[in-house]
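Scroll down for the structure; my scribbles are underneath it.
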Amino acid sequence: MAERIIKYTEALKEATDQMMEIDPKVFVVGLGVSYKNGADGTTAGLKAKYPDRILDVPVSEAGLTSMAVGAAVTGLHPIVHHGRVEFALLASDGMFTQAAKWNYMFGGGNPVPIVIRINVGRQWGNGPQHTQALYSLFGGVPGLKVVIPSSPRMAKGLLVSALKENNPVIILEPRWLFNIKEDVPTEIFSEPLDKARVIREGKDITVVAYGDGLHSVREALELIGDAVSVELIDLVSINPVDHDTVARSVAKTGRLLTVDTTNEAFDIGSEIIAHVARNKSLKLKDAPIGLACPNVPVPTSTVLTEEYYPTKVTIANAILSALGKPSIDKKLSFEELHLAPTTTLK
Amino acid sequence: MAERIIKYTEALKEATDQMMEIDPKVFVVGLGVSYKNGADGTTAGLKAKYPDRILDVPVSEAGLTSMAVGAAVTGLHPIVHHGRVEFALLASDGMFTQAAKWNYMFGGGNPVPIVIRINVGRQWGNGPQHTQALYSLFGGVPGLKVVIPSSPRMAKGLLVSALKENNPVIILEPRWLFNIKEDVPTEIFSEPLDKARVIREGKDITVVAYGDGLHSVREALELIGDAVSVELIDLVSINPVDHDTVARSVAKTGRLLTVDTTNEAFDIGSEIIAHVARNKSLKLKDAPIGLACPNVPVPTSTVLTEEYYPTKVTIANAILSALGKPSIDKKLSFEELHLAPTTTLK
Amino acid sequence: MKTAYLDAFKKMVSIRAAEEEIAKYYLENKVMSFVHFYVGQEAVAVGVCDALSAEDRVMGNHRSHGHYLAKGGDLKRMVCELLGKAEGCCRGKGGSMHMIDKSVGFIGSTPILGSVVPLANGSAFEQRYSKRGGITAAFFGDGAFEEGVVYETLNLAALFKNPLLLVVENNLYSVNSKLRDRRSAEHEVERIVTGFGVRYMKADGLDYDDVHKKASELVKHIRSGKGPAVLECVTYRHMAHSAPIFDDAAGYREEDVLEKRLEKDSVKKVRNLLLSQGVSETELSKIEADARAHAVECVKYAAAAPLPDKKELFTDVYA
Amino acid sequence: MKTAYLDAFKKMVSIRAAEEEIAKYYLENKVMSFVHFYVGQEAVAVGVCDALSAEDRVMGNHRSHGHYLAKGGDLKRMVCELLGKAEGCCRGKGGSMHMIDKSVGFIGSTPILGSVVPLANGSAFEQRYSKRGGITAAFFGDGAFEEGVVYETLNLAALFKNPLLLVVENNLYSVNSKLRDRRSAEHEVERIVTGFGVRYMKADGLDYDDVHKKASELVKHIRSGKGPAVLECVTYRHMAHSAPIFDDAAGYREEDVLEKRLEKDSVKKVRNLLLSQGVSETELSKIEADARAHAVECVKYAAAAPLPDKKELFTDVYA
């Protein structure tokens, strides 16, 4: 088959479009989803094709999200879109207290098939109130399934799965990845919602990452070359976390590095490392390592964010130092530090 | 000095009253805080004494919390009371996006002296939508200080500190402890907001707990007697977490048990254990152990909650088994399982 | 007409009897589950549900025994739920604040104040989207009406013209807080609601007839595709906010003191109406006795019913 | 009177010139910070702030350059903030959506839509509680007016009679979404606002005079202790929602097409008024040239100003 290279945002749009074609229960609500380039392009052009199913809405996150939950409870399959985690937080009740608990609290038989897409994290100039991730909140509420697509292919496959799932699925989409490109199958396909993926096998160290951080690890591995044999795991799901896949890898490599792109307190790395540490059958060669953002809000001035997120260099050096290898000395350009990558994945 | 035994709720009321006496900037807002037995007794009688400073409010959690944030920003020192975490979630924006970030995002010089008191967790009959704790959310947002008082004395001392603090402090108050009694100093005194406390020294194992779980550990230690020498740490603060105190203790005992009273995914134990695991200078004798609630919502029927929270028996047995001692076989009564304790602490 | 009132009387009396028997059971036993009694407000639930059809849906709040029963919910399964039994409408997982009986169109109640309003709007959205017909009614209180999401929903429902009936049961209190401590003296619900383009009517929530007539008119409006409506019913809650007792001693009540509540009692009102229409005391007493007997039987049934298996703690987190 | 308009003209022109120079700088340089221009809406900020006293407080939203400057905020510190410089009003941590200059009573702006409304209500609460006098005005948009917390605040502010002036800048859009796609045809802001017991007036937001007169009347009402008020100002945003460009090509505008915006431009309107009052073209041109020169100087200053120290990433998380 010929390659078909598309962007992360296009992959999301394609999944939405293809699933809307086959499932009349699917509709989309969110601020600006009806625009020509709606929701950062992830709903581009769909309003024209599905005029009654792509719904722009008033600025009422709580009301519109819980409305969608109510529609899901009664048989539709809504996609809700929120442009920032902070906007979605206004809909906390609908997500964490209603959708997550509905089937359980009514004793089963009450599914909530809803997909809530939320853009998270890093982008220049967003500042302290537009860049949180709050992963541990999303990971810690039972009843939700929560995934973080790390590439265009994952974005499409996970959104398709989410739309075939009979439970509330939250998709956290790192803005940092929106322009990443990849060969993505044109047909409908699914990626499992609750399985981590070993995306590169190795024997010296296990690196667990997700979303934008995973992309930085990929870049770091290019810097490192063959110096270290790294097993790279895309965590994919943070609710539930696939601890088994991590354990199997760590059992083999004996070393663990986690890479987070959120504040270090209560980050995903802690959850992973704690599970490995509690696992009596795993013996590590060294203490596990966690990279994360400092425990401060995200400032706006680029000079202040320069050292905020783990970069390919800090990640590469964490891996090299874990294996006792000399570190790399490389200064990143302004573009590398602050502009979202436009890489084509292979 | 003569003993003066008061309840957890009375200790909170006393701190409020005494601080209101000396600081006219302090006022209280919350649903029903003006009732004779307001806020579960924690504001009982205060309306009569401070008619304009104890304010009952409409059922508008977002509006009233952010109003209080605005009052704090302009110089007052509000106490906001929320009866359940789920109600407080409606005020997520005010807590996590405004109060937590205000001083940082305006470049300093913009303190937010506010105290937000939230009742959390366990109580019979509350069911899936009234019993969450969401500790990892509160712990993971920089800019907040978050404490969990484990006893009447801590409740008073921490609330006093919170009212002397120039930053947003969230006090998570486990309902389970409301009837616990203790000798509490009558005068104003402070307990540090960000320090864990070693409340019992020991050499075999470090147990880290907080709030209602800490109380269950105390009970477990009575069951165990002298069989094991346990070092017990009251975590006190989950934002920031005092990892140093834990590390010092673990360096001594070489064993670690964490006790959580929330769902196990992304719990506080994970955060503690991960820090210990990442700490190269700490060598444990055994894999650390975490007790927590299963990763399901809290059901209502008592038969289903029976095995939900770690009890003194499960905790005692975790400790005993860690030290290779025989376990205790004890069935708890209905009252022990489901009714909040009324113990007087010594 | 007479039969209509007789039917309403039966429903109201059976809700009343059920709750009285449950309250008695609560007082005599250690029941570990929250409870908010509906006693006094029956005319609202029955008046509204009588204006609905079988395919219409109803949702409620923390005080939904009456709503559930008025829509036809099964009493045994309700009491079982309160007592945490396996046959409960949520298999014991929800408790009193989570009523559901989808077989009769009662599709759930939620105790987070205001939350039912957007959820019901979602159900109404579905009815319009799927062109299936039917409307959704949501019951909630004057306190819940202070949550911001209610106003967001008024706007969204009006914008989408969703077939939504919002029934505000204004029983004068949120817990023990009076309206005047929660709203300015100039507050006018009608102006607010109609400002969003939503139809509004106010009914005497102690008068079945008034509630039913106005609900019927609004249901007609909604069915005709003209968009959502609000029915505010002013009513009295007879018992304490959340306990199986009468709490007059607490001293917070003003207008709705005990004798006033008894005098204006909604069940008594329908009863008197029926008497005046010539229905015999015997017939009415028979209805009351039957309702009582049924309530007693259901409570007894639930008390003896089996508990869920402990393993159910772990089931149904996901569908 | 003439001098009053001259003063307003000066302020409006200097806001306009500042933003035009900033936009130019953005287009020519890689500025890594969001920006939402206020161009077109100047009559609202200046008309309202001219009705306030020095001790009154103002808060804003994501589009607050104009609010900040109208209250007297320092332009250099504003541009420095946009460019992430150490002398920025937030030392570079906030960026364009976080304006603050407490020395002139501009106590902060927040980009979470609607959030400024309850926060400003808290400031007004403080003014009443501390009996210090003064009022708080908050600027926000028609989109933000759809957030539930705004209605909660209308109720809370009316209940407490807080000295709060809410200024809704209705520029017809939330991003590019039209009012009619967000509200039903029967939507009436006045009914809603007054339903909460809050005073309401509507002004022509392109007319300084109208805004100023109505703001003054409402400020008087508020100062007299009668409680909060809403001033809705219908206005036009000239530039794109969030970019230093004109976006007519995007095609979403209906009423406010380019020629209409130019024809009804608020700055031009005051200018013409002054001309008709006999102020000379020379004097007006001089004002414009001075404003431009000041703006150019401030942008130049900011461009050359030092960046914050990297270590500041870690400071000020706590006070």
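Note that the chains take the letters A, B, C and D in the order they are written out, and that residue 1 is the start of every chain.
What we mean here is this: contacts are C-beta pairs under 8 Å (C-beta built on N, C-alpha and C of every residue); 3 or more make two chains touch, one makes a residue touch a chain.
Predicted model only: the values in this text are computed from it and were never measured.
Under the contact definition stated at the top, the chains bordering both subunit C and subunit D are A, B. Steps from subunit B to subunit C, taking the shortest chain of touch contacts, total 1. With centres set at the average Cα position, the gap from subunit B to subunit D is 42 Å. Averaged Cα coordinates give subunit A a centre that lies 36 Å from the centre of subunit D. Taking each chain's centre as the average of its CA atoms, subunit A and subunit B sit 31 Å apart. Touching of two or more other chains is recorded for residues 88, 90, 92-94, 98, 110, 112, 146-149, 152, 155, 159, 181-183, 317 of subunit D. Across the assembly, subunit B contributes residues 57-58, 60, 62-63, 86, 90, 93, 97, 104-105, 127-129, 142-143, 295-297, 299 that each touch 2 or more other chains. A complete topology is adopted by the chain contact network, contact being made between every pair of chains. On subunit A, the positions that touch subunit B within their shared complex are 62, 86, 89-90, 92-93, 96-97, 100-101, 104-105, 127-129, 132, 134, 136-137, 139-143, 239-241, 262-263, 265-267, 269-280, 286-290, 295-297, 299.
On the subunit A side of its complex with subunit C, the touching residues are 27, 52, 57-58, 60, 62-76, 93-94, 97-98, 102-112, 142-143, 145, 166-167. By the touch criterion given at the top, residues 30-34, 84-85, 88, 90, 92-98, 110-114, 143-144, 146-148, 174-177, 181-183, 250, 307-308, 310, 312-314, 317 of subunit D touch subunit A in their complex.
Here subunit C touches subunit D in the complex through residues 146-152, 155, 158-159, 161, 181-197, 227, going by the rule given at the top. Within the complex formed with subunit A, the subunit C residues making contact are 57, 88-94, 98, 100, 102, 107-108, 110, 112, 115, 118-127, 129-130, 148-149, 152-153, 155-156, 159, 315-319.
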